[in-house]
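Shared chain: chain A. Partners: chain B in the first complex, chain C in the second.
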Partner chain A sequence: MDEFGITVEEFINAINEFKNVSDQINDGWRIYENKNEIHKSYLKKESFINFDLQGELTLCKVEYNIFYNISYAVPSFSFNVWKSNGTLLTLEEIRQLSFIHIKREDFYSVITQQEHPLFGRPYFIMHPCHTAKLLAQFKLNSRNIIVTFLSLITPLLKLELPLEYGL
Partner chain B sequence: MANDREVLREIWDGKLPICFQLDQEEIMEIQQPDPFYVMVPRLSYFPLVTDKMKRHFLRYISQENADNEMWLDYNGQPLKWHYPIGFLYDLYCGSDPQLPWTLTVHFTKFPESILLRCPNKDVVEAHFMSTIKEADVLKHRGQVMSTMQKKDHNQLWLGLQNDKFDQFWAINRRLMESHGENEGFKHVPIRVYSDDGTCNQRLVSPKNNDGSRKVLQQLISELFPDKIEVNLRTHGIMIPPDTPLQWLSEHMSYPDNFLHLCVC
Partner chain C sequence: MSTNKELKVVQYVPFKSFVHPSFWHSFTDIKLNIDKLEEAKKDIYGRYTYREDVGTVFEVDGTSFNKLPETEQYYINVKGTLINVNKLEDFKHSDKSILLNNSGEEVWLNVKSKAWITEPSRLINFFIYSYSDLKKYRYYYWFGFPCPNQPTVYINDEPVLITTIFNEQQLEQLNKGFNALDLTQRHYFTVTKNTNFVTVDCLSKILDAKKQVQSKNDINLSITYFAFTDPSCSTSPGWPMRLFIAALLEHCPDLYNTEINIIGLRYSANGSLQKSQVYNIKIPQTSETSGEGVGWVGWERNEKGALGPKLAVMSSSMDPIKLAESSSDLNMRLMKWRLVPDLDLDVMKRTKCLLLGAGTLGCHVARNLLNSKSIFAHIPMPGYPVGEDLMEEMYNNVKLVTDAIVEHDVIFLLLDSREARWLPTVIAALHGKIVINAALGFDSYLVMRHGVGLNAADAEGEGLRAATVPGGRLGCYFCNDVTAPGNTFAERTLDQQCTVTRPGVAAIAGALAVEMLAALLQHPLGVEAPAVYNPDNKEIDSGDDGVLGSIPHSIRGFLHSYQSVLPTCAKFKQCIACSDVVLNAYKDKGTEFLLKVFESGKHLERITGLEELHKSAELSDMLAFSDDEDQVNIDNE
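Let's look at the complex of A and B:
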C-alpha cells in the first residue's frame, strides 16, 4: 500500500484530461461531477455489445466506471453487464467472456461483486490493493494515470482502449 | 490499544432474538410452517447463522426453488447480508425497537439490483477479510495485515465464525495498536449511514490539527453542518457526543474493524 497513492485532486485532473481525449475520438466517456464531495466524482461509459452466451449471441448493456477509492487513494474500476431482459450477468458468465484465459482462482481474487461505494448497489469491482501495487511500477513513466490504469485492466475485459490515449 | 476489555466483551456478547417467517406466497404445503426463533450474535452475518432456519423452511417451498439463493427482508426492505446483523437492526429498528425482530424469508425473486450474491460462506469470508484489509490501510497503511501470516488471517475469521472472543482478539488486538511516535491511527475506519441506508465514508483523523483528541461531536458537525442535533447509534447504544474517536474505533468497531454508525 505504501507504494502508491494519488490525491483526489490528481485524480480529478487525470479524469478531466482523459475525458478530453475521449471527446476528441468520440469514445463516450462522461464525467459525473460531485461538487459538494469532490471525491465522489467519476467517469462513466456505457455501450452495447453482442456477447456469445452459451452459444447464443445476446445483446448486452455494459457500464464501466472509474472512481476514486478514498481508503486506498487509487483509481478504481467497476462495471456491470445487463442482458436485454434487465438481468445482470453473473461473475462466472463474465469470467467466460474474458479475452484472456486467466485462472479461475486468480480471476475471483481480482474481481468481486461488491456494494458500490458511490452508488450503493451491487457492481463488479477490481480489488484496489492490486491496483496500488501495479500502478506503483508505472507511476514515474505515466502521462495520464487513468490511461495507465485502464491499459492494465483492459486485457481482462472486453473494453477497447484506442491508441489515441497514449499519443 | 483496546484496553477496556469489559467493553469489548460486552459488545462481543450482544445478541438479538430473531423470528423468521416464510413468505406466505412461497408456502406450498397445506400445513403452515412454524416460525423459526433463534438468538444470534449482533456481530455476526446472516449467512453464518441461518443454515438451520433454511433447512426448516425448505420442506414447505416448491422444490424447484430449493436451490435458489435465500434472502431476507424486514418490512419489505431487503437485508444486505454483507453488513453485521446488529448494524442492520440498529439501522432499521434502532429508533423503534421490536423484539423479537421479525424477518421474512424468501427463496424466489432475488433482488439482484439491491443485494450482493452470496452463493456460499467463502464469499462472506472474502468480504470480511477485504473489509479488514481496507480498515488496516486506513489505520496503518495496511502494514499490520500485510505482515500477518495466513494463519492469523484465518484465526480472525474463525474467531468470528465460531463466536470465540479470545481466539479473535488474540489477533485483532494487533490491528488495534497505534504505530509510530504519535498515538492514534492514521485514519479512523468509519462509515456513517442515514436511515435510508446511504453511507458516508470519508477520511477521518482521530486528532485535531493541534494534536488534541477529536471527539464524536466534532465529526458530526463536519458531516452534518446544517443540522442542529444529530445522534449516532451503534451496538444499540446512543454514543455520547464527547467520546474520543480513537477510543471509539478501538472498542466499538465491528469485527470487520469499521465503525458502522447509524444516524438516529
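Let's look at the complex of A and C:
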C-alpha cells in the first residue's frame, strides 16, 4: 500500500473548501484559524441534540472537530458531548446512545478519551493510525479529502453529512 | 380591534442555562491563579441564539471571561456578572432576593438613564451566583436573569407567523436591514412597514433618548413594529420581550391601554426568517408605574423544577487523578480485548498496595501503580537501639506499620537499607501478605517476591531435584543470609551511605517490581505460583505459567553488562526474618522481642541458631567478607 499523508497546506485548502460548501448549505462548520501555527487551525461544528438518558430526554450539546495530526499527516476527528451543567457524557454512555454504531471491542480500539492536542481538555479522539490506510485507497479519487474522511466516519457517528458535499 | 378575540396573559419562555465544560476550566484557572481568595464580582459574557431550532438556551463557555465576547452567527451576546463566594455557608444563607434585586436595579438604571435606547444590549443582564469546591471539582451555580414582575400584558389571540403580514420581498428587506444593524443594536430594534418598503432601524431612531417621557403620538403605531431577537422556538415569546415591554412603558407611559405589535425575530438554519412571529400585545390600563418598588423575578429553576442552585461535578473530566485512572483503566481494557483476553481486571483494581519507602524507587513504583495515600513513619531497625525518650514513638511506629500492613494486600519494600526491611518482612510474613522487595546497587538491582506463610520446615527435604519451588515456600530477602542485619550506615562516608545509583536503575527495578506483582495477581495460583530453578530448562512444563507468563522468584540485574539472572531459592529454616522461630518469638513476646532485636541483631542469630552455625563451620571471616561485597552493594536505596 502506498504511504498516505497530506501536507498542512493541503489540509488548510481542504478545510477551506469544505467550509465554503458548509456555508452554502448552512451546515454550521466554522474554521478556527491559527495564523502563527498554521497546523493548529481546525474545523468545528456544534449542535444541540436531545438524548434519551436513562429514560429522560436530555438536551445535550455535541461538538465535532477536524484537526491536523502532524505525526500521521492526516486529518483527525474529535468530539465531545455534554449536558447543560458542563459534565461530559462517558464513552460508554455515548456508545449506548447508538450515537455511534460500532461493536464495543472495536469502539474502544478506535476511539479513546484523551487530552486534546489543541484544547488541552479531554476529548474523544478517533485514533489516526487507521486513517492513513483508509484514505490512501481514496486519495486519487477524492475531490476533497475532508469529505472523504468524514464519509468514512459517518457510518460510526450519527453525524449527518449532507449529500451536497459530494456534488 | 375586534373584541371577540381571546385575550391571554403573555407567558414568557425563561432562559435555560447551558454551560460548556471549558467554562469550568477557565473558572477554575482564574479562581486559582488570579482571584484566589478575592470575592470580587467579575464581568462575564453569555449568549443566546435566535435560531428557531435551538430553544431558549443561554450559554456560557471558556470565552465568557474574555474582555470582548466572541461573535457567532445568530447569537446575541449579553454582559453579565459572576458572583463567586468562598464559603458554602455564605452561598446557602445569603439573601437571594437582594442579589436578584441588585442586578435588576442595574438594569433599571439603564432604563431610567435612557441608556437602553442607545445601547439596547444594556437592557438584558444576567448573573451567576456560585460556590466551588475546587479540590473535588464540584461547582454549585445559579443563574439569574432579572426581569420586573410588572406589568402583566395580554396577547390578542395567538401570535401569527410573520409571513401572514410580510410578503417575501418585504421579508428580504427586513433580513437585509437586520444584517446591516450593528451587533450591539440587534437585541432590540424597530421595523417599519411603509407602503413600498420595509426599514429596520435602531431604537434611537424611533425613541428619543433625550426625552424623559415620550408620547405615543410620536410613533406611528400602525406601521411600526417593535422587534427583538427571539430565543424562543415555541409560540410563546422569549424572556427578552418581558424587559422590552417594561422599558417601553417606562419611556412611553401613554402606551398603557393601547395595542402594540412586536416582532420576535427567529432565523432558520438556512437563513430564512419565515419562522419569526408577530405578537399583537394588549397593554391594559394601569395606574401602577412599573420599575420602582416592583419586584424582580428571574432565578432559574434547577433540574427538579425548584428554585435552587444546580451542581456540576466535573471531577471525571478535570481531576488529574481521575483522568489518569480512566486512561489506565482504558489501557487495561484494551489489553484484555486484544492481547490478553484472560486478564482479570478486578483483581488489579481491588488489590491494595502498601509502599514502604518513598525515595526514587518508591516514586517509580507509585507511578506505575497510580498510588495516592501516604503515611509517614520511621521504621525501627535491628541494631538501632531505642532510647527511653523514643520508646513511645517506637511503639507508635510499630503499630502504624503493622496496621498499614494488615490493611493492605501487597507490601512493597522500597527502603534504603537492608535493616529497614527486616521489621516489615517479619510483620508481612506473619500476616501472610504478598511482599515484593526491590533494592538497588550502583548499577545493579534486585527485585524479588517473598514466600508467604509459616512452616518453612516443610520446604526442606524436597531436594534440588525438584524443578520448581512452590510460591508459598520461596525464600525471603533474608533467607540467603547467615548474619543478622546491623547498622550498615556505621563507619560509612556520605557517598556510601546515600543511594548512589545510575539514574535508570530505580526506574527499571520499580517497573519490574510492579510487573512481577501484576503477573503474580494474574496467575491462577496467585501467591502460590511456583518459581522455576532453572528457566533455561526446556523440559519444564509451561503449564506453570500464568496469564502474563512465568514468575521468577527474584531478578538480579546488572546495568554494567545489561544482563539479568533469575535465581530461585527456597525458605531457609534458620532465616532471621521469616523462619518459624522468629515469627513465633514475635507472636509470643511482641515488642519485648523487638526491643532485643533493635538492641542488637545478634539476638536474631542466637535464637535462629545461626550463632551455632557460625561456630561449627568457622565461617565468620569469610562471611564478613561476603557481607561487604555482595549484600551491601545491593542494599542501598
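Convention: the second predicted complex is superposed on the first by the 162 of 167 C-alpha atoms of A that agree within 3 Å, B and C clash if a C-alpha of one lies under 4 Å from a C-alpha of the other, contacts with A are read in each partner's own complex, and residues count from 1 in each chain.
Note that a contact is a pair of C-beta atoms (placed from the backbone, for glycine too) under 8 Å apart; a residue touches a chain by one contact, two chains touch by 3 or more.
Just so we're clear, the structure is a prediction, and the values are computed from it rather than from any experiment.
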Worksheet item: Putting chain B and chain C on the same copy of chain A, do they fit or clash?
Response: clash
Discussion item. If we overlay the two complexes on their shared chain A, which of chain B and chain C does A:K61 touch? Say first, second, both or neither.
Written reply: second
Discussion item. Which partner chains sit in contact with A:Q114 here, chain B, chain C, both or neither? Use first/second/both/neither.
Written reply: both
Discussion item. Touch test for A:P122: chain B only (first), chain C only (second), both, or neither?
Written reply: both
Discussion item. I'd like to know which partner A:S71 touches here: chain B for first, chain C for second, both or neither.
Written reply: first
Worksheet item: First (chain B), second (chain C), both or neither: which does A:L88 touch?
Response: both
Discussion item. Going by the contact rule set out at the top, does A:F138 touch chain B (first), chain C (second), both, or neither?
Written reply: neither
Worksheet item: Looking at the overlay, what does A:F48 touch: chain B (first), chain C (second), both, or neither?
Response: second
Discussion item. Counting clashing C-alpha atoms after the superposition, which of 45-53, 135-143, 171-179 or 243-251 on chain B is the one that bumps into chain C?
Written reply: 45-53
Worksheet item: Of the residues on chain A, which ones does chain B touch that chain C also touches?
Response: 87-88, 90, 112-115, 121-122
Practice prompt. Going by the contact rule at the top, pick out the chain C residues touching chain A in the complex.
Written response: 16-25, 54-55, 57, 72, 139, 141, 269-271, 310-314, 316-317, 323, 326-327, 330, 333-334, 337-338
Fill in: Residues of chain A that touch chain C when the two form their complex
26, 28, 30, 48, 59, 61, 80, 82, 84-88, 90, 105, 108-109, 112-115, 119, 121-122
Worksheet item: In their complex, what parts of chain A are in touch with chain B?
Response: 1-2, 37, 39, 70-72, 87-88, 90-91, 112-115, 117, 120-122, 127, 129
Worksheet entry | chain B residues touching chain A - in the complex, by the definition given at the top | 80, 82, 112-117, 126-127, 130, 133-134, 137-138, 141-143, 146, 189, 197-199, 201-203
